[in-house]
C-alpha cells in the first residue's frame, strides 16, 4: 500500500512546482501556455503510487502532476517548461509535452484524448512482450466527448488489456461545465463495456491510491481493463491567465474547500503522525524545486544551430 | 401506421433489385464492388415507412435498401450502380454512394459510421430551421467500434435532436463476428447516454415499422434522439463474390430461416389478405426493375469529355 | 474606413452574415457565451442565441460531420476548429464527405459550409498547436482554401466563404488576430481566387500569404533600401489560386520567391513553383526559391521557434539570391 | 530468383520480419484468420498466432494510436489501414503523435511503427476507396513514405520500413497486388530514400512511382519506337526522396516529366518540380511537366475512371511536349 508520507511528498512536489510555475508564468519566465493541476494532486499521486518501474503512463494537456508523480525529474521538468536546453525534451516540447520515456512517462499531450490509444498500445506491448507491466491513460471528463476514447475502451475491453483508464473529473472542459458536454456518466459507459468502474474522492490521496492499487493488481492478474473516476476540482483557470469570467465564484470557492494536501496532512496528524515529518518533506520539496528553478534559469537557451537532432534518427555509420 | 402491402412492396423491390444486381454483378454488368442487404429488407422498409417527405436519411456501404425505401427511383438507381450517365449520380458514385438529395437521401457511404454525424447535422438543421423533420442514421453493428458514432450519440443526447439511430445488427462486420469487435451492447450504450433504445426483430417489417413510427413520433415531439436496434441477418457475403470461407455453414443456413418477405407474406395471408394482391405487387416490382435494368443497359456510358460539372459549382454568370 | 483588429473583422463578418441570412449558424468548442478561445465569436451568442451559436463538445469529427449534414439540409454552418492541428481529427468529414458530395452525387447539390481554423506559430504553443497544414486541404478536389493577411481580407474572404456554394476552409493566422487594419465602409466581400498586390515592384516577385505577407513587406522595405524593388503578391486564396496574377507579376519581374510559414517541403509553395516551372518557364530568369519552415515539427522554446519560423531576413536573402 | 506476385512479396516480408524479430506484430481489420481484405496477411495468423496478428475492430484512430503506444513500449507494430482513404480517420495519431514524438521529446526515442495502406484506382471502387493521399504524409516532418512498384521493392521497402527506427508509411497500389515479378534469393531489404533506374534513356527523364512506373515504362516503350529515349526513374521513396538521383538524371536529359496517379495539384510531383526548378534550374531545357489526375474526386464508372486516371498515353504526350 501507498505510504502516506510518500503520497504527501508527491502532492507537495506537484503543488509547489505548479504554484512556482504560476509565478514564473506571471513573470514571463514560462513561454507559451500552461494548464495547472493545482487542487487535483491527489489523483496523480495516488494513481502513480500504484505503479512499478516499467509501467507506462500517457497523460493530457494538464500533465505536470502525472509527470512528476511518475518520477520525471524536477530539473528536467522545470528546464523544459521554461524552454531551456537542459529540459527533459531539450526545450522542444514544453508544458504540454513533458515526457520521460525512461520512466514510462509517454508524454503530456496537446490533443484531448490522444493519450488514451497510446496507453492502449502500451498495454498491448506489455501484454505481448509479457513484461507484467500495465499502462495508465489519464484523461479529463471533457475528453469523454472524443470518439477515440470510446474506441480505446472498446478495444481494451475486448482484448482484456492491462489498461487503467484514469478519469480526472473536475467538472470542467475549458470554459464549459462538462455536464453540458458529455451526456453519459462514465460509470454507465464502463459498465456497458463490461469494464469495472470505481469512483473515488480525488481529494483523498489514500483513497485514490487504494483504488489504484486494487485496480493495478487486477490488471497484473490479467483481469482486463479498469476505470477509476476521481471526482476532483480545478482550482485555477483552464490555463494560467484565464480570467474565468464563465465561472461562478461560489463554485470556485467551494473547490478550494477540497484540498488534498490539507486533507492528507490532517489525516496524517490524526493518525498520530509527527508534524515535523511533514514540514521536513515540505522543506525538502521546496528546496528541490528552488534548486531546479535556479538550475533552469542558469541553463542556456536552446540554440537551433546546435540542435543536431531532427525529426528522424540520425543516419547510421 | 405502415400499411402491410406498402411494406411488402418496398421489401420486394429491394430483394428483387438486389438479386438482380447479384446476377448483373456476376455477369460483369456492375463494376466495382457491391454490398447487398438481402435478408435485411424489413429494416430499411420499416424505418423508412415512418418517414415523411422532407425527412433525411444517411446510410452506409450497404445502402441500396435504404435508398430504395426512401424513394430513390429504380431507374436512377440501376443506372448509377451500373455506371451509366443516367444514374442518379451520373455514374460518379456507384453502389456505395447512391444519393438523392431531393428525397432527403443523403447518400450511401463508403466510410463506416460516417453517415452518423451527417444525420446528426441534418437533425440539427431540421431543429434549427423548424422544419418539423427528423433524420435517420443507419449503421451496422460493426460500426459501433468507430468513435464518431459515440460522438454522435453524445451530441444528439445533449442537444435532444430529432435523430433516429437505426442499427442493423446482422452479427457481422465484414469477415468477423461482431461480438469479437464490439464489447458493449448498444442497449447499454444508449442507456448510458439517456437515449431510449428499442430492440426489434429485423425480419418483421411490421414490428420495425411500428417501432419506427413510435420513435419518429417522439422525435417530432422534440423528445430527443432514439435508438432502434434491429436484429437481422446477412444472407450473402460481405460483398458480392465473397467466398465466405470464414462463415459457419450452419449460421449461414440459419440466417435464411429469417426471411422478412416470407414472413410478411404469411402474416398478410393469415390476416385474410388476398394472395393475388401480393402477386400483383411482385409482378409490378419485377416489371419496374426489369424496365429499369433495360433502360440502364440502353443508357449511354458517361463520357468524361461531356462531364461539364466538376468538384465545384459552376462559376456564376 | 474603420480601423479594427483582425479578430474584430472576423466577428463582424460572422455577425453580418448571420444578420443577412438566418441559415448561417456557428458550431465550435467554447464559441458560445465564452466567445471562443481566441474571442472570434464574442457577443454573438448573446446576439443570436444558443440555437445559432452552438457550443459543441470536444468532438471534432462529429462537429465537422454535422456541419456537412446541416449544409446538405439547408443550413450554412460555420464550424470552428480551435487549432488547425486538430483538423487531423476531422479529415474524414472534410475530405471524404464535404469535398466529395457535389461531384460524387452527380452535381445534385454542394455542401455550403465553412471551416474556420487558426494556424501558425509565434506563441510558443508547441508542436501540436502551431502547424500550418493548408497544403493538405489544397490537394483535395472539392475544398476551397483561403488565408487572409489583413482585417479587410479576413472580413471579405469570410463573407465570400459563407456565401459560397461549396465548402471553404478559412485559415486564420493566430498571430495576426490582434493586428489592426482598415475595413472599408461598408465592409465588402473579397472574391475567392484573386490575389492582392500588396506592394508593387519590378525586380522580383515575392508570393506569400497569411503572416508571411507581413514578413515579405518588411523584407521588401529592407530590400528597397538596397535599391531592390520587390513586388509583394498576397495570394489570399490558396485553392483556387490566382495563377494569372502570379504569371502577370512574373512576366514583369522574371524572378520568383515564394514564402510561407508552413514547412517548405510539400507545402503550398511547391505547387506554385511547380506550376510556374511549367507555364511560367519562359519568364524565369533565375531559379524559383521557396522560403518555408525546415523539416521538423514546430519547436516550443522561443529561440528555437524563432529560428524555425521563416522571417523577413530569410525572405530578403532569398530575393537577393534570385538576383545574384 | 523467385517469381511471385506483389501481394506474396508483402506477405513474405511480413513473415520474414516476424520470424527475425519477435517484437514485430501486425494490427488491422480482418487481417487475422481472414488473411486481410486483399490477402496480404494470408497464413500469418495461423503461423504466428492471434497475439501477433491482431484483428482490430473498425476503429482506425485507436488502431494507429495503439501502434504509436506499442512502438514507444518496445514493439515494432505494422498496422494496416484497409484503404488509404481511411487514413483520414487516423491522422491525429500519425501526424500529431507518431511523427512528432522523436523531435518533441528531445530525441529520447523514435516510434518504430509501420503503416501499410493501399491507394489507387482502377477497380471502380469509387471516390472513397481510390484516393492517393501520399502527398499529405510527405509534408509531415517525422514520417517517412515509400511506394513500391515491383514485388522486389514491395518486399525490400517493407523490410526496411519495419527495421526503421522512425514511423514509415508504406503505400501500396492495390492495382499492383496481382502483378508478378522476381524476388532475389535471398530477398533483400531496399534502402529507404533511393530511387531505382527502371529504364535508362537520354532524351528526357520520366520520374514516377507506384503504378505510374508501369505506365511510364509503357510510354517509354512507345516513345522508343519514335526514336525518343526516355529514362524512367522509379522514385520508390517519397519522403525522403532521392534528389541526387533526380538531379543526376536531369543533368543528362535536361527534360523532366513527373507522373503519378494522385491529383496533380499539390501532389508529390509539385515538390519535386519545385525543387528541380530551384536546384536543377540550370539543367532544364524545357518546362517541367507533370502528369497527374485532374482536380476532381475519383469517379466510379469505368469510362470516367479510365479517363480520369493518368496513363501511358498522357505520359508519352508530355514527354513529346517537353521535346517539342
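Here the chain labels run A, B, C and D in written order, and each chain numbers its own residues starting at 1.
Keep in mind that, in the parts below, a contact is a pair of C-beta atoms (placed from the backbone, for glycine too) under 8 Å apart; a residue touches a chain by one contact, two chains touch by 3 or more.
It should be emphasised that the depicted structure is a prediction, and the values quoted were computed from it without experimental measurement.
Of all chains, the one whose CA centroid is most distant from that of subunit D is A. Per-chain Cα centroids separate subunit A from subunit D by 39 Å.
Subunit A and subunit C, compared by their mean Cα positions, are separated by 36 Å.
Mean C-alpha positions place subunit A and subunit B at a centre distance of 45 Å. Under the contact definition stated at the top, the residues of subunit C that touch 2 or more other chains are 57, 59, 61-62, 85-86, 88-89, 92, 96, 99-100, 103-104, 126-128, 141-142, 295-297, 299.
Shared contact sites, meaning residues of subunit B that touch two or more other chains, fall at 87, 89, 91-93, 97, 109-111, 145-148, 151, 154-155, 158, 180-182, 310-311.
If each chain is drawn as a node and touching chains are joined, the picture has every node linked to every other. Those residues of subunit D that touch subunit B in the complex are listed here as 29-30, 33-34, 37, 55, 57-59, 61-62, 85-86, 88-89, 123-129, 295-297, 299-304, 307-308. Note for the complex: subunit D touches subunit C at residues 61, 85-89, 91-92, 94-96, 99-100, 103-104, 126-128, 133, 135-136, 138-139, 141-142, 239, 262-263, 265-279, 281-282, 284, 286-290, 295-297, 299.
Those residues of subunit A that touch subunit C in the complex are listed here as 31-33, 83-85, 87, 89, 91-97, 109-113, 142-143, 145-147, 173-176, 180-182, 245-246, 301-305, 307, 310-311.
Subunit A contributes residues 144-151, 153-155, 157-158, 180-185, 188-189, 191-194 to its touches with subunit B in the complex.
Of all the residues in subunit B, the ones that touch subunit C in their complex are 56, 58, 87-93, 97, 99-102, 104, 106-107, 109-111, 114, 116-129, 131, 135, 147-148, 151-152, 154-155, 158-159, 309-313.
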